[in-house]
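Going in written order, the chains are labelled A, B, C and D, and every chain counts its residues from 1.
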Amino acid sequence: MQYNRLALYGLLGIAALMVLSPVFIMVSTSLKSMDEIRNGSIFTLPADPGFAAWGKAWFGDCAKTLGDKCGGLSSSFLTSVKIVIPALALSVGLGAITGYALAVWKMKGANLMFAALLVGMFIPPQVTLYPLIIMIRELGIFGSIGGLILVHVIWGIAFTTMMFRNFFKTVPQDLLKAARIDGAGFWRLFWHVMLPLSLPILGVAMILQFTYIWNDFLLGLTFGGRSGQPMTVALNNLVGSQFGEKEYNVDMAATMLTALPTLAVYLLSGRLFVRGIAAGAVKG
Amino acid sequence: MAEPAQGGLKPSQGGRRRWRPQWTARMALIPAMTITIVCFYGFIIWTFVISLTRSRLLPVYKFTGFDQYFRLFANERWWTAMQNLAIHGVLFIGGCMLFGYLLAILIDRGIKAEGLFRTVFMLPLSMSFIVTGVIWQWVMNPGLGLQEAVRALGWASFEFNWIVRPDRSIYTLAIAGIWQQVGLCMALFLAGLRNIDPNIWKATRVDGIPVWRVYLHVITPMLRTVFFTVFILMSAIVMKAFDLVVALTGGGPGFSSDLPARFVVDHILNRQELGLGAAGAFVLLCTVIAVISPYIHFELRKERGGRGH
Amino acid sequence: MKKFSKVAVLAAFMSTGVSAGALHAQTAEVLHWWTSGSEQAALAEVRKAFEAKGGAWVDTPIAGGGNARAAAVNRMLGGDPASVFQFSIGQQLRELADQGLLANVDKIASEEHWDEKLPPLIVKAAKYDGEYIAAPINIHGENWMFFNKAGLEKAGVDVPKSWSEFMTAAKKLEDAGIIPIGLGGQPWQERIMFNSVLLGVGGRDFYAKLYSTLDDDLLASDTMGKVFETFAALKPFVDESSPGRNWNEATNMVIKGDAAFQFMGDWAKGEIIAAGVEPGSTVGCAFAPAIDTAYIMTVDAFAFSAMDGEEEATPAQAKMAQVMLEPDVQIAFNKKKGSIPARLDVPADSFDSCAQMAIKTLQDPKTHLVSTGLFGVPSSVSGAIDDSISNFWNSADMSPQEGQEQFRQAIANAK
Amino acid sequence: MNGVELCNVTKAYAGLTVMENINLEIADGDFLVLLGPSGCGKSTLLNMIAGLEPATGGAIHINGRDVTDLEPDERDIAMVFQSYALYPTMSVRKNIGFGLKMRGMPKDEIEQKVAEVGDLLQIGPLLDRKPSQLSGGQQQRVAIGRALVREPSVFLFDEPLSNLDAKLRADMRIELKRLHERLGRTIVYVTHDQIEAMTLATRVVVLDRGAVQQADTPENVYRRPANRFVASFVGAPTMNFIDGKLMQSGDDIVFDSGAGALPLVDVPVGARDLIGRSLTLGARPEHLLFDPAGIASRVLLAEPTGPDQYVRLAVAGSELTARIGPEQPFKSGTDARILIDGARMSLFEPQNGQAITLG
């Protein structure tokens, strides 16, 4: 038994090490100087750790830029927040309502519609960029944060609807009947009974959608216009230059900085995440 | 009871009186329905229409029949990409399932510091595919990464150079992809394991069945739905795989690790081949529908059969 | 297709109506992919000059040429174009012009006599329907060969003048424990090396004829066969970590002496300078071995969106075009960028030795060559060329004959 | 009229008629139990009264009002579910008050009503707990409280006691009966448990395969089952059935099963008209009498239950169950003599199972 335990922890430890080592590389690289990176191995610890690269990634390097922006991530952090909050609320909210309507209010064709909607989960957004541009243009919101938010809602709704529909399908019918008899209509049943019930799955949907939206690059680049460029575009401007000289420590620091909000969400919500999934996503 | 277990709230017949909640429910579906029809299917149709034209940089509506499809099917890179999609799909989904399930089992064995391990395994989920690609490009680079590090430790013949080998590069996509998504799969499996009736464990303990057999023959079949959910979520990721290839291998060496989504985007945005790209996109979308329709069929049939309590 | 542009124009008008009115008449939004330090510093010179003339500059950097080009096109499509945008001149830009999405800067170009001051090949590429649709700001050379002098000395080799000399030198370098070629294994880098071989083996006329005609006979010719044989012979001189490597990592290998040669454009000088090395000192520059002297030019250029459907450049756009080609700006910009001026009439003496060599070479119009895309080849073809070269380079078991045949077919299929 | 009235109510799913022309009148203040096996349609019927499922045809009246097309909340009903269906995210207080809140009742009034119901059901101290912190019995009380607080004219109960253990079930039964007597409201109660039906109902409706088999008082349903189905469904252990003929044997009438003649005592006069006809005889276990004058039978098994014992007998080619007090234990394999209480027997047509009323 003792050996079994030892093997168990051994295996878990190895797995954890494998999962963590790339993250370790990012952090340690971001703390090194460029000379050390040019001459050393990526696995070594920084000889003289410093946060210069982090500062440069966050504030930019004003000496080297054109002036009105210093090219750091700080300028677009707020833009990202401005995009992610409404996009998250709308895509999750609409998914919750749609999933609820499809699961609870049996209507003719509800299953067909759900099936049709699911396809959206599998379409690579990049592949249908042009028609989307044309549509958003015709709506008159191209190049605005509003347009970008709509795009995120479009590409998020299939996933969120699926999460919520599958969860609401597991809610006992009696509960719905009781609420109907108590006089709750469509919205009040949703608001007072179903939404509070769905908190765990709401958490999971929010976390995953947050990750998708926060990490999006191409949609932000295309639809955000001049004012709506999210942090990932700024990140790309820092790290994605093809013909300029590379500063890997800044690249890594910038990457870490961009990932920090999502990282924090996962660190803080690990337990909630599993519980949320247990509550809905895997019940059948 | 005579009513099907899948009762739901049925609409009343007729409509003499006040506004009915069922009508509100229909109204509430309008946004989602609009998105589905206009964006998902409208875009697919648009893509098909464009694939019949000679559009290059911008959409033009000069039709050329199925020329673009002939060009597409004559294109070696397209076939490589499609073949890679199949390979990557099998490896990535299979790998996520296998490793996700194993990690979940290990964590479920009543260990200390469960929360720590769980968090660690879910950490990569917070990274974007771009970031994942960038990191793993480093790690797998033979001159910089793992190979060099192991050789520096004294194992001079150690080889891990898949990312630079055309015949192996596609596997590196799966490695990085699994690294990123294994946490989600683990969480799903863990949740499934937690939902299993503890009496099952008591029963198998009484029967003296070895633990591994219990997992293999008892628990795994019980987690069918979880496997299914994992399959669906991961196959959605495979179908959409784009960022990861761009960041990890750039489709290379050559185009040995290209995937259809990248092929399409490359041709539409960089190569003035909108028509050809659209043809590729349409084939890809058809593949998507072909792959997921059994799922949808299964899902809806399962519900028609009822899940009564 | 005119119908489409009207819609686009209308949409552009609607969505930018407010902001355009509010902005200064001399405002130009500049969308570009120059985000690295040296690139930004170079562009800042243009900005300074533009602002000194009363212009207002709105900066929209988007890293990565592909990303930036896509964003520029998408914003035009979406009806919210950037008034000035960096773009590659060539077929893609012509198509935008064809759709009526571009403004021309012909007026300022004729006032400033661009026709006489720019290399004729570039004049041709920057024009659509006889009018300038882009302002070429610089010339980069693609057939450079950078080398580590110490490494060459250690192996006892001179800078090779022909490809056979190169093979001999490479073997010696290998024996001395130095990687002969530091290559970034990405399709465009492999193509740059291929073009150097093509030029070196086939000569400048063959090169020009091949890419301007894409003639099937030339593609199937013995000369082409020899090009592929030579290119294939380079395979063993590259280290195994090459695939996927960024060009600047390869440059660093040369700087550090791990690798001896790199075939790369002159933007590599930026990386060399960043490492604290003067180009031409410990890291030397030469043209890639060739039977005759030529310079494969590639051009950074800016194009101008048709604002409110106007095909005539706005005052701000015209001013931008003018500023970009002013001799002082050309010098200041190109020194920082590592390229040479697009105008051949500006004094060369303040440039580094490599750039001076390039400027001197270009005085002879016979040496003028351009990169694949600038011959007016559609990007579908240049893309297929990249695919095909890269596939050949990375397929160990593909013979040069097979490579040549695949190259020929890829072009035929993409034409 | 007050109470509930169903006129020709029909239910079909996807064209398949599962219930046809149900007619029921439930008088104001009645405690009506819908009794039947799983799948008989009793829950469907209840759901139709509640408005949770639409009737395919026919009309439903509550207190004289046609409610066929009304939403559940417009029908002046309340419902208690087998699974309690408490809102898991709300406290007991909120659960009970939810229906009132939905109807826009002022907060302090809700508070007061909830408190009253809490006192009535003795759940006052639990009001601030969440349902998950309550025992099954407590949850059931809350569910009842949620229905009570609304003071509807009709209460609907859908197998409310099925999830409780035996003791609690018995207690709750008594409480429900008391509640009904105290409030005097109409109750429609669905169950498959005949004990609940017998103890609670003022009227029982036995349903099978979507049709009403019998609607009557509990006594009559037990004593005078309308057909063989009702006879067999009501009563435990179940009624004994024997196919055969009534025959004259001397002065007495016996029932001849073909393998033997069972003696009957106190046969009603009308039975003589049926002599010679093929019949099914139904005799409840307590109506098999041990009597030396009876027919010989063999004891197969005796099951003492405490107050009674059930004796399984092989007699005249059949196996019958008799019920007798515990005083005299029976042993398997011994002999016993039995006869049938003819005054309380039931007779059925063998073809359709309909009861034959003796004149």
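Rule of thumb we're sticking to: contacts are C-beta pairs under 8 Å (C-beta built on N, C-alpha and C of every residue); 3 or more make two chains touch, one makes a residue touch a chain.
As the structure is a computational prediction, the values presented were derived from the model and not from experiment.
A.B. asks: Starting from the defined contact criterion, work out which chains touch subunit B and subunit C both, please.
C.D. replies: Both subunit B and subunit C are touched by A, going by the contact rule given at the top.
A.B. asks: Taking mean CA positions as centres, which chain lies farthest from subunit C?
C.D. replies: D
A.B. asks: Of the pairs A-B and A-D, which shows more C-beta pairs in contact?
C.D. replies: Output for the comparison: A-B.
A.B. asks: Where the CA atoms of subunit A average out and where those of subunit B average out, how many Å apart are those spots?
C.D. replies: Roughly 16 Å, centre to centre.
A.B. asks: Counting only Cα atoms for the centres, state how far subunit A is from subunit D in Å.
C.D. replies: Distance between chain centres, rounded to whole Å: 57 Å.
A.B. asks: Find the geometric centre of each of subunit C and subunit D from their Cα atoms only, then give the gap between the two centres in Å, rounded to an integer.
C.D. replies: Here the centre of subunit D sits 90 Å away from the centre of subunit C.
A.B. asks: In angstrom, rounded to a whole number, how far apart do the mean CA points of subunit B and subunit D lie?
C.D. replies: 54
A.B. asks: Could you check subunit C for residues that touch two or more other chains and list them?
C.D. replies: As it turns out, subunit C has residues touching two or more other chains at 70, 77.
A.B. asks: What residues in subunit A touch two or more of the other chains?
C.D. replies: 129-130, 134, 172, 177, 180, 239
A.B. asks: Return the residues of subunit B touching two or more other chains; collapse runs of consecutive numbers into ranges.
C.D. replies: 7, 9-11, 21, 59, 144, 269, 309, in rising order.
A.B. asks: What does subunit D use to touch subunit A in their complex?
C.D. replies: Spelled out, the residues of subunit D in touch with subunit A are 47, 50-52, 71-73, 77-79, 81-90, 98-99, 102-103, 146, 150, 158.
A.B. asks: Name, in rising order, each residue of subunit A that touches subunit C in their complex.
C.D. replies: Listed in rising order, the residues are 38-39, 61, 64-69, 71, 129-130, 133-134, 136-138, 140, 142-143, 221-223, 225-226, 233, 236-246.
A.B. asks: Once bound in the complex, which stretches of subunit A touch subunit D?
C.D. replies: Interface residues on subunit A, with respect to subunit D: 172, 174-175, 177-184, 188, 192-193, 196-197, 199.
A.B. asks: What part of subunit C is in contact with subunit B in the complex they form?
C.D. replies: Touching subunit B: residues 1, 4, 66, 69-70, 73, 77, 91-92, 95-96, 99, 185-187, 239-245, 378-380, 383, 387, 390-396, 406, 413 of subunit C.
A.B. asks: Given the complex with subunit A, which residues does subunit B contribute to the contact?
C.D. replies: Of all residues in subunit B, those touching subunit A are 6-11, 21-22, 24-26, 28-29, 31-33, 35-36, 38-44, 46-47, 50, 59, 99, 103, 106-107, 109, 111, 115, 117-131, 134-136, 138-139, 144-145, 148-149, 152, 179, 182-183, 187-188, 190-192, 194-195, 223-226, 228-229, 235-236, 239-243, 261, 264-265, 268-269, 274, 281, 284-285, 288-289, 291-292, 295-296, 299-300, 302-303, 307, 309.
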